Structure formats: structure tokens, C-alpha cells
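Here come two complexes built around chain A, the first alongside chain B, the second alongside chain C.
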Partner chain A sequence: MKKDRNSFIFRFLLTLLVILAINFFLPRMMPGDPFSTTSADVAGDEIIVMTEEQREYYIGYYGMDKPQYEQFFIYLKNLAAGDLGKSISYKMPVWSVIKIHLPWTILIVLCATALSTFIGVIFGTISAKNRKKSSDRFMMAGMIAFAEIPSFLLGLILLLIFCVYLRMFPLAGAVTPFAVYGGVLDQAWDIMYHAFLPVVTLSFAQLTGVYLLTRNTLITVTSKDYIRTARGKGLGEKIVWNRHALRNALLPVVTRTGFMIGMMMGGAVLVESVFSYPGIGMTLRAAVVGRDYPLIQGILLVLAVSILVCNLTVDKVYQMLDPRVSV
Partner chain B sequence: MTILSIEDLKCHYVTDGSVVKAVDGISFDIYEGEIFGIVGESGSGKTTIALEIMGLLPENVNIYGEVVYNGKTISNLSGEERDKFRWKDIAIVFQNGLEVLNPVINVGRQVTEPMIKHLGLSHEEAEKRCMELFEMTGLDSSWMSSYPHQLSGGMRQRALLAMALSCSPKLLILDEVTSALDAFSRKEIRDLLLNLQKECCYTMIVISHDITFVSSVASKIAVMYMGKIVETGPVRDVITSPRHPYSRGLIHSTPDIFIYKDMWGIPGDGFMGGEIPGCPFSPRCTQKTDACTKSAPLLCACGNNGRKIACHRGGIVSLLEAGDLKFCYQLPDKKSLQAVDGVSLDVKEGEVLAVVGQTGSGKSTLAHILAGVMKPQSGEVYFMGEPLCPEGYGSRFNGIQIVFQDPFSSTSSRFTVLDAIKEPLDINKIGTKDERLNMVKDVLGLVRLSSEESFLKKYCGELSGGQRQRVALARAMIMRPKLLIADEITSALDVSTSANVLRLLKGLQNRRGFAMIYISHDLTLTLKIADRIAVMNSGKVVETGNAHDVMLSPSDEYTQRLVGSRIGLCCHTHEAA
Partner chain C sequence: MNGENVSCQKKEFYSSAFILVAGNLSDGTKKIFSKFSIEGKIGVFGLIMIIMMAVFAPLITSYPPDKITGNSLDSPSSDHYLGTDELGMDIWSQICYGARMSLAIGLAVACIAGFGGGALGVIAGYKGGVFDQVLMRVIDVTMALPSLPLLIVISAFLGPSIINIILILVLFSWAKPARISRSQTLSIKNNDYVISARMFGAKPFYILRKHIFPEVLPILFVLILSISSYAIIAETGLAFLGLGDPTSKSWGMMLNYATGFRSIYFTPYWQWWLLPPLFMLIFLLLSLAFISRDMERVLDPKLRIKKGD
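Let's turn to the complex of A and B:
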């Protein structure tokens, strides 16, 4: 047991180190640097906004004149002390920048996960119950076709319909700027109002996966002996499905959902851009455009850590749900 | 009162256009308080019946016929209506398996569940009752909070039993309850079931391939073969004198019933896919006639004790019947020796009857008479319903052949192996020269001798005793006998050779399905191969019966002596008394 734990920690640290290295070197391999901004309109056209001296001064200031491996060690050293560095474009500590934007992403990701899991499980169950009937086939075909639409395209369509034409939802932002709220409820309502479309878009991207997984596992589970046992006991279809079948079928869904949260954090970039939602994805995009190395590193690290944490949590939750996996 | 009756039940599994008739026209009635056993090999359709009674067959099964419970037809009810009967009226102990219990719900919960649903108990009441049930079935109540994977096979079986008993059903179905159990638990479960039955008067259907178990609890039994009942009746009757060839084969391959006998299964395979026209057992049956492959026999009453059997020929037929045979030798000193004194016996199709007795008890004379070699001074021998004709049945196929004790006298030393074996064909002018040669080669293969040219040309005189006895056997087999009389065929051989010859003989008999009269003075050896034993003493048959019964509880005083006279190999040190 102890040995297991040690090897686990070792593996965890190793993974982290690899991630850190990639986070560090990859952005630096892109053309350009923080002090020469690339115009988004004319690709590759560099507009020098600083004089050469200024540039050198800043490069020295951020320690970028040293060899890269040395910079990496300094980065690791600071990191160990809990210092993520300073954002070049925001001119403030990276952590503070992340702290502002991360909650928004977490908000929409969690909501989207909950929504897609909920709807996916319900649809999957309905489909599995009507297996081999036309309603199941219809539903499945629809779901699969739906999954083919890329989420940013879907986001754009939703944006056009609901924000531009119908004007039901805001075009951008996470809250109404300069709003004064009458109370917490009021504020919550405003937040949900802004988050609604990004959440819907994100959940649609995940829905088909959950649906298919639920449907297929349920079909496998319902052919198991214990379902026959439960039926034989005359418990009624409701208990048979809800207590006996679903509980088993949800195990893989839980695993998937957990992994999904981590993946969605990264995947939110596109959706956030479409809705100009000030989450971590948007920030990452800006940081990449501005070659804000410390910020890029910081965000990537946070994303990587959140994926790792999700996976760990999934393991733990699974152990709680499935008594067969020994704790 | 009838609690459950099944009427012409058919369950056909339909998969991708092919139909498997798991249950094919079965009817039976079960009376209140009765224990009804259903036995059969795996795949015979036993479990399908159980599932249909519970209404649990999957959707791809076409069901015909009726299941009537307490006067109400339940087979056509919807799932919801059937729930009213499930567990409260009819409960089942499912066949033990890793996934028969829900892996993520603890065992106690799974047992209490139906009580809460059907009896309206509260959680606490149900749990209390569950504890009692666990105790009753021999499980510690601390296991209630465990999950199925933490239980051993035996414990799971008990939990399943506790679960089935939870709502005190009126009819309890037990599907292969002993298959996962060791001998001790098996006995415990059996005792538990019998107690339960006595106390609570459950009606039970016990389904198993384990005939010993079923026969030790059930009062009535049905033997199933490929979706049909081939024989049914009171347990004792069916087990001691099975009438259908299949039930006999099944019972004879049960080690607990024939403790001493070597195990020989029923030759052939049960399930071959495809449909068998006529009697499903016909491909394996040794006594089939043309009618058997044309139409399926119906289950008809035979006798008046509720016994029924499905066979065109009314069950196992007698191959040879002898009545009141007498033979007396005139000795030179004017005295006479009554060698055979009023012997009557019959040999059934496909069975091995051993005639045991001391030297001089008249066994050999009897053998000669039965084979038609000697004529009895009085009495009649019938073979396949016809009186034994003067020329005997040795000269034709499907007749009677005899192999003698002494291989040296039955196969002349001056004959080559080929000539010795094909002599009967030559004499009876059967086949062309090539056909005869082929037949010789075939039978040589049967008796595990080489069929090479060099061996065929050997003189019998050059062979060892064992080889020569095999040649004698081959000579008999070439006439494809329906009945083989083996007269002390191993007594002239050494132990190892005689063991080989005996195994060979029994193997042949089993595969070829001929009947055999095995004459011997060696009781131990006899028990290895015999189905029935006739004990002879001074010309009379003093006792006949099931080999096992005769051995374990000899009723005749002479038999007792014979049984007691075995010295036996004693491996313990003798203790001073």
C-alpha cells in the first residue's frame, strides 16, 4: 500500500514536470515575442511599437536574455515558492489574472456538464427502454447527426439567432457592465442570463457522448442476470430501471463526466471566444496573441492541474460508487 | 390440489432467423406440498421452464401453451400483472452466478427489497426478518451489509435462498442450487430444504442436472431431454428402474448411484443444432426402429403409479428372455448334475447383465444355452421376441455372439489373424473378398489391434493371451451382435491384460450399444462394468438386481457370503483387537 502510494506520487510529479516543460518551451517556440505585437488583421506583419533599447530593457527585466534552460530553472524555482510570475500584458501577477477569469470558466463548464449529463442520461434511458423501436432509432440518428456540428459553429448559430435577431441574450460578457444589483438573487439571475448560451453550446457538444454511453451501457446492463433477478422479484419496472439498471449503468457515465470536465476547461476556448465570455479560454487566447509567456504558462498549468485533479476525483468517486473496486 | 400446471408449453428462441426449441411441448401438474424434480443435461430446457413460470424469458422467445397457477392462467398476463404473483406466490432461487445479484447493492438490501414491496414492511421490519432468514439459511447476519462480490459461492447461494424465502412463497423453484457447492454445503442445503418443506409446506420444483440431489429431495421426477420430458414418475421407481433409454443412460452415468462402476457417459452428443425428426433421442438410441425417426413419441402413461414415458417402443425393451431353463448332465457314475435349474432371466436392450457365481455354479452352461450353442432340456429362450431357433442367432448380423474363457480354443493356432476373424463371414457367405477384408480391418480397429498386412498374416499361435482374446472379440464383433455373451473372458489373463480387455469390452459396448451378458466369478471386476447382476448358486439364480443394490445390500444369504468373501487389499496396519 505504502509502496503504491510512493509510486503514485512519483508518477504524479513526473507527469507534472513533463507538463511544465511543455508549457514552458512550447510558447517560446512560436515566432515573435511579447514585445513585438502581431497584428491580428495582417497576419505576420510585425508592428514595432517599442524602440530597440526599450525592448532590450524589458527583455532583461523579464529575465529573457538568459539561456532558456536557465530561465526554466528560475521558473521552476519561483513556482516552487508559489510564484507564477508576472503577466507582461496585464502588468500584474499571473495568479491574479487567473483568479479573475477562472471562476467564469468553471461556472460554465460545471453547468454544461450538469446539463449535458442530466439530459444525456434521460435521453439515453428513454432510448434504451425503447430499444429496437423506431423512437430509439430516430433519437439515435438525430443525436449522432447533431454531434457532427462543431461547437463553435453551433455557438455562432445560436449567437446569431438569439442575440442578433431575437435579442433575447447578450452578445458578450459575463455580467451586465456597471450594473447595480438589488440583491444576490438579482446578481445570480444576471450571471445565469449571460452564461446561458455558452452553457447550452458547451453541453450540446457533450450531450451525444453521454447519451450514447448511457444508452449502450444500459442495454448491456439490462441483459445481465441481476436485472432478471430484480424483475423476478416483482419489484416493478420503475425500481428495476432506476435502482438496479441505472445505478450500474451510471458508473461509466460518472467516469466519463469527470474526465469531461477537465477536457472542457480547455475546450471552452472556442465557445468563450464566440460569446466573448471572459473566461480563462478567452484570456489564454489573448495571452497567446500577445506572446505573454508567463500568463500562457500559468493558464496551461492551471488547466493541466485541473485535468489531473478531475481524474483523481473520478477515481475516488468511482471507488465510492462501485463496491467492487477496493479502496 | 394442483398448484401449478403446465400445459403443452413450448418456448422457442428466435435468433437471426434460426429457431431453437428449448422447450418443446411439455405438460405436467404439481400438487400442493409436493417436491417435483426436473433433471436433464445442460441445454435440455430445464431452466427455460423455470424462467417461463416466473415470466422472465427474454423477448426473442416465442411462447405457446399455458402456465396455470392456482387455477389462473398466468402465462398470458402482462409483466405488471405478473408482478403480483412474483415472489409472493412463486419465487425462484436463481442459478448461482457471479452476476445473479446486483454488484452495487448490498446483499441485505437485495433481500429486503421484495418484502418492502410485496409485504409492505418498513425498512426496520424487513431488516429484522432478513436477519432471521440469514440465520435460517446458515449465513451470519453481519453479511447483510456486504456486497455480492465479497461472498463466496456457497454464501451467495444461501443469500439467494434467503431472498427467495423472504416473502414466504407458496411455490418455490430451485434452479441448480447445488452446482456451486461443495459436498458438505450440498448436504446442508438439502437438509435445510427438507426441513423447510416440512415446516412451511412449500411446494417446490427442484431443477438440476444433479440426479443424486434431486432424487434425495423430490417425490416425483421428470427427466428432460432436448426440450421434452422423456420419462416421469415417482422418484424411487424412475431411479431404480428407469424405463426410457435416456433416463437409464443418465442414471447409469451418475457416480453416486453406481458407486463401484466405472463411468461411461451416454454415447453421442445431445445437441447437434438442427432439428431431429421424430424422437429426439433417436440418434443415440440403441433400440430405435423406423418409426422413431418419423414421428416424435408422446408421453404416455405406463403402469398405474403415475409413471409416464415417451417412447415408441414403450421404453427399454427386453432383448432376451429366458424362462425356466433346465439342464442336467448325466455323469458316468449314473448320478446326474443339475447344472441349470429353473433359471429365468431377461436382458434389456443395451444393458450389461453380469452373471456371477462360483466355479461350478452352472454359469457357463447357462451361457451356452443362451447363446444357442446348447439346447436346454426344458424351458424357452426368446431373442427379440422370437424363440431361439435351432441354428441359433450366431450366424447372422444383429444376433448373439459368444466369446469364451479360453482364447486358445476359440481361435485355432493354425489360423492367421485374418482367417480367424473372417471365418464367420466365410462360413455364412457374407460379402465379397474385399468387403470381408475391409470388415476385418474395421473390427481390428475396434478392438485396438493393428490392421496392417503383417499382423493380418500372423498365426494366432504367435500371439499373446491378451491379443488372442482380442482377436476372439473381433471375431464376435464382425457379426455385429445385438447381444454379446462374454464367458469368463478375462480369467485366463494376467491382471493388467484383463483390465485392458475389460475396458475395451465395456468401451465397445458403450459405443456400439449392444447388450452384454458378462459371466464371471469375480465380483469386484463385475461391479466395474455391470448395470445389473444375477447371482447364481448351484444352478439357480438366487438374486438379481441393480448392481449397486446387490453389492451394498445383498438380500440372499449366498450373495452375502459372496460379497463378504472378497479379501480386499488392506492398506491399514492391523490393530490388535
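Let's turn to the complex of A and C:
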């Protein structure tokens, strides 16, 4: 077992290294260069045409004249010191750019995780209680069909129905622009109002997983002896379900939640684009279009590391919650 | 009509060839199909319909998809069944020709990743040793990589072309078939009949061809269905973000153009410009999912026996 755990850490580090390497070398191989974009494509702004001298200066300033491997080591060294470099289009440290946008992504991802876990467990329980009845079959078929629709297409449908057709929700943004809030509650309401559809979209994508897991585990658990004992003791149906069955069935759901956070961080990129939600995914898209190398690297790194850390944590948490696994 | 017949015959030929290879499922396509649930049958018909649309696109459309044939943003009429986009191109023909794009990408990625990954897995499982170890490490890392953010960045770097997109998607989807076919190979390899075949002097290639591939192929086939739907989703996502091939209009590119149009949501244009590709994509993905779920169910007893080994 010890060897196994070591190999897990080893795998984690290896994956991290691969991501770092891709992260570093890929943007540098992309066609185009950041200075030609700044010099021509700033719509509406004054157009700055760089002289060759200025160009040289900037290339030197961002350290792009050094050989690539040297740049890579400098990158790793800075990374270890918590420095992600400077964004070329925002003209400020990458970490500050990420710090502005990351909270929005975290907000919708966490809300979506909570929502999908909650609803998934409830639906799963209902389904397991009505097993072999037509309502269970119907629910399951619906949920599975639903899971096949990718989240951004679902987001587009929701956007068309609720924002365009019914005009119930805003089309874009995370807050009402130039709003003056009466109080904290007012502001929180506005934020929830804007985040509602992205959260619903993201949680629908994960709902089926939680639902199926809850349903199947519950069905396994309820055939166990201790459930029969509990019923035999004369405990009420409610107590048997809530205390004996559900508590045991929730174990895998907890670990799934961790994986879900990781997956949603990636999936949020597309959903944010649908709703023009100013999270990290929108920033990544803008950075790719603007060839902003340091920003792309920073965002990829943040996303990748958060996904990897989530998976690692889940593994540890699962061992703690269920001692049977490590034996 | 003749072409339809030929393609039908071809299809039948391939599927029956597949079944012959699969060996254990020799009772024919009809038998498998009859085991499908209602959803599965709907899925098969849906998929066939979309394939027909793609194959016979020139016959069922009256305009080329990439020529200006009408006014800008016409609403649906008898002339342009689904109206036109902002450049005056016919949307119905874009849908039909776009089906070719989406299907081709799905099929290409699934076949390369499925058979390529599957072959790697079988070889690794059969030979073992250093190659197996290295391959397993690579598979682990590939599966742990967060695919969507990396997909976005890599396709931005490689430039928007269909070949590049297919290659990237293969890069991200070969690991699962490789891993599964490896574990299948491992469990088949130590069966008595394989060992005795080896005792009688069967060459590795003969054993692979006679004993291992026929067992692994049905599983690969199910995986290929799920990979192709993954590839279609991923291509749509990339195109939606503006990272698709601008010269070939897939359904994802149509979504990208439509959502990129200023004030599309404040005008009625979305009704005939945004809805058709959206609907077709969902229809295609659901069809694929239904089929692959039923295939999995039909093949499941076999799978379970092997997992229990």
C-alpha cells in the first residue's frame, strides 16, 4: 500500500511537470507575437505603432531574447517564488488579473457544486425509494438523456429561454453596471441574480452523476443486513432511511463532490463564455485571442493545479472517511 | 436511390464483417438491433437520418452553403427553408453540409484514437515489460491532464485547421481505449486456451489475431461511439470559442458566428440562425448516447464475465 501511495504522489508531480512544460513551451510556439497585436489591433484606442527600437526594448524587458530553456528555468524559479509574470495586455502582474476574475469562477463553481449535490441526493433518494416503479424508470431515463447534452449547449438553451424569450435574467455580466446598492443584501441579491443561470447550467452537467451514484449506492446499502436489523427493531421508515441508509450512501457522494469541483473549473470556461460571465474562462479566451503568453500560462496553471489538488484531496479524504480503502 | 442501396449494403457488410470478427456475436445485426430499447432504436434512426443528410447534402439543398444566395438575414421562406445568415448564405444548406464536418471529425477522431489506442494497449498488455510500464505512466498522465483548458490553448497554438483539431482530440482520447484493451488483454492472455495455443507453437501475431483482437474489438466499438460523441462536443466547444476552422462550417462554427453577431439576442434572428445548429447538435449527441448505452448493455454480460476474472 505504501508503494501505491508513493506512486500516486509521483504521478501527481509528473502530471504537474507535464502541465508546466506544456504551459511554458506551447504559447511560445504559437504564431504571432504579443507586440504586433498591441501595435495594431487595439480597436477604439489610439494606435501605437512601435519602432524597431521600442520592440527590441519590450522583447528585452519581458526576457524574450534569452534562449528558451533559460526562460523556462527563470519561469520555474519565479513560479516557486509565487511570481506568475506580467500580463502583456493588462499591463499588470498576472496574479492580480487572476485575482480579479477567479472569485467569480469560484463563486459559480461552488454554488453549482452545492446545488447539484443537494438536488442529486434528493432525486437519487426519491428514485431509490421508488425502485422498480415507473417513476424511477422515467426519472432515470430523463436524467441520463439530460447528461448527454454538453453544458454549454444547455446554457445556450437556458439563455435563449430565460434571457432572450422571457427576459427574466440578464444576458451578460456578474453585476449590474454602475449600480448603486442600498446595502449588502441588495448587492448580494444582484450577484445571485446574475450568477443564477450559469450556476444552474453548471450544476445540471453534474447532476446526473450525483443522482446515479446516490441511487445506486442506496440500492446496494438497503439490501444490507443492518438495514433489516434496523427495520426489525421497529424503527420508523424515516429514521431507517435518514440515519442508516443515507448516511452510508453519502460517502461516495462526498468524494464525487471533490472531483466535481475540478471538472467544473474546466467546464466553466465554456459556460462563462455563453453567459459572458467575467470569470477566469472569459479571461482565458481573451488571452488566447490577444496572445498574452504570461496570462495564458498563469490561468492554465491555476486551473490545472486546482483540478489536480482537488483530485489529490479527494483521494486523501476518502481514505480518512472510509478506513476500509487503505487496508 | 441506388447510392442509398449501395451505402446500406456497405453498412451491412461492415457490420456483419465486424460481427464475424467479433465471433461471439455471430447471430447477426438484426438480433443486436432487436435487443435495443426504444431509445436505442430512435438513436439508430436519428443517426442514420443525420448520415443521410450529410451524404445527400447536394441533393436536398438548392444552394451551396458558402455562397451568397439571398438577402442578409432573411427569415425562413419557401425559397430559403431556414432563412439566411448575416452574409446571405442559406442556413439549411449550412446545416446539411455542416453535418459532414461534425460526423467526419467524430468518426476520424474515434477511429484513430480507438484503434490506435486499442492496438497500443493490446501490445503493451501482451508484451509487458518496460514498454508496458512506460505506456501506463503516459496513460496516467494523459488521463490526469485537465483536457478542456489544454485543448483551448493547444488548438490556439496549432492554428485553426481540421487536421490539427482532429490530432489534438486524438491526443486527449486515446488513453481510455488503450487502458481498457490492455487490461482485457492481460486477462485473456493467461486463459488456458491461449497458453495451450502458445505451447503448440503459435506465434505472437497469430495469438493476437485469433484470440485477443476478436475479444477486444467489441469493447473498442462501444468506446468508439463514446469517443466520437466526445470529439463532436469538443470540436463544437472549440469552434464556439472561435478556435475552429473558419473555412469549414461545422455546426459549432455556426453557433460561433451566430452568437458573435452583435445584438443577436435583441433581434428575432436567433430563431432561425441559432436554433437549428443547436437543435441538430443535441439531436446527434442524444442519438449517439442512446446507441452507445444500448450497445454497452447488449455487450455487458460478456464484459462482466471478463471483469470477474
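Everything below uses one rule, namely that the second predicted complex is superposed on the first by the 268 of 327 C-alpha atoms of A that agree within 3 Å, B and C clash if a C-alpha of one lies under 4 Å from a C-alpha of the other, contacts with A are read in each partner's own complex, and residues count from 1 in each chain.
We adopt the following convention: a residue touches a chain if its C-beta (ideal position, glycine included) is under 8 Å from a C-beta of that chain, and two chains touch if they have at least 3 such contacts.
Every value quoted in this text rests on a predicted model; they were computed, and no experiment measured them.
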| item | value |
| --- | --- |
| Partners on chain A (chain B, chain C) - clash or fit | fit |
| Touching partner for A:285 - first (chain B), second (chain C), both, neither | second |
| Touched partner set for A:244, first chain B, second chain C, both or neither | first |
| Which of chain B and chain C A:308 touches, first, second, both or neither | second |
| Touching partner for A:262 - first (chain B), second (chain C), both, neither | second |
| Chain B, chain C and vertex chain A (Cα centres) - angle in steps of 10° | 80 |
| First (chain B), second (chain C), both or neither touched by A:129 | neither |
| Partner chain in contact with A:235 - chain B first, chain C second, else both or neither | first |
| Per-residue touch tally on chain A - higher for chain B or for chain C | C |
| Touching partner for A:160 - first (chain B), second (chain C), both, neither | second |
| Nearest-approach distance, in Å, of chain C Cα atoms to those of chain B in the combined model | 16 |
| Footprint of chain A on chain B - complex, ascending | 51, 54, 56, 79-80, 82-88, 91-92, 94, 97, 99-106, 113-114, 117-118, 147, 149-150, 163 |
| Chain A to chain B touching residues, read off their complex | 224-226, 228-237, 239, 243-244, 247-248, 251, 321-324 |
| In the complex with chain A, residue positions of chain C that touch it | 39, 137, 140-141, 144-150, 152-154, 156-157, 159, 229, 233, 236-237, 240-243, 255, 259, 265, 270, 274-275, 278, 281-282, 285-286, 288-290, 293 |
| Contact footprint of chain C on chain A as seen in their complex | 11-12, 14-15, 18-19, 22, 26-27, 29-31, 141, 144-145, 148-150, 152-153, 156-157, 159-160, 163-164, 171, 262, 265-267, 269-270, 273-274, 284-285, 288-289, 296, 299-300, 303-304, 307-308, 311 |
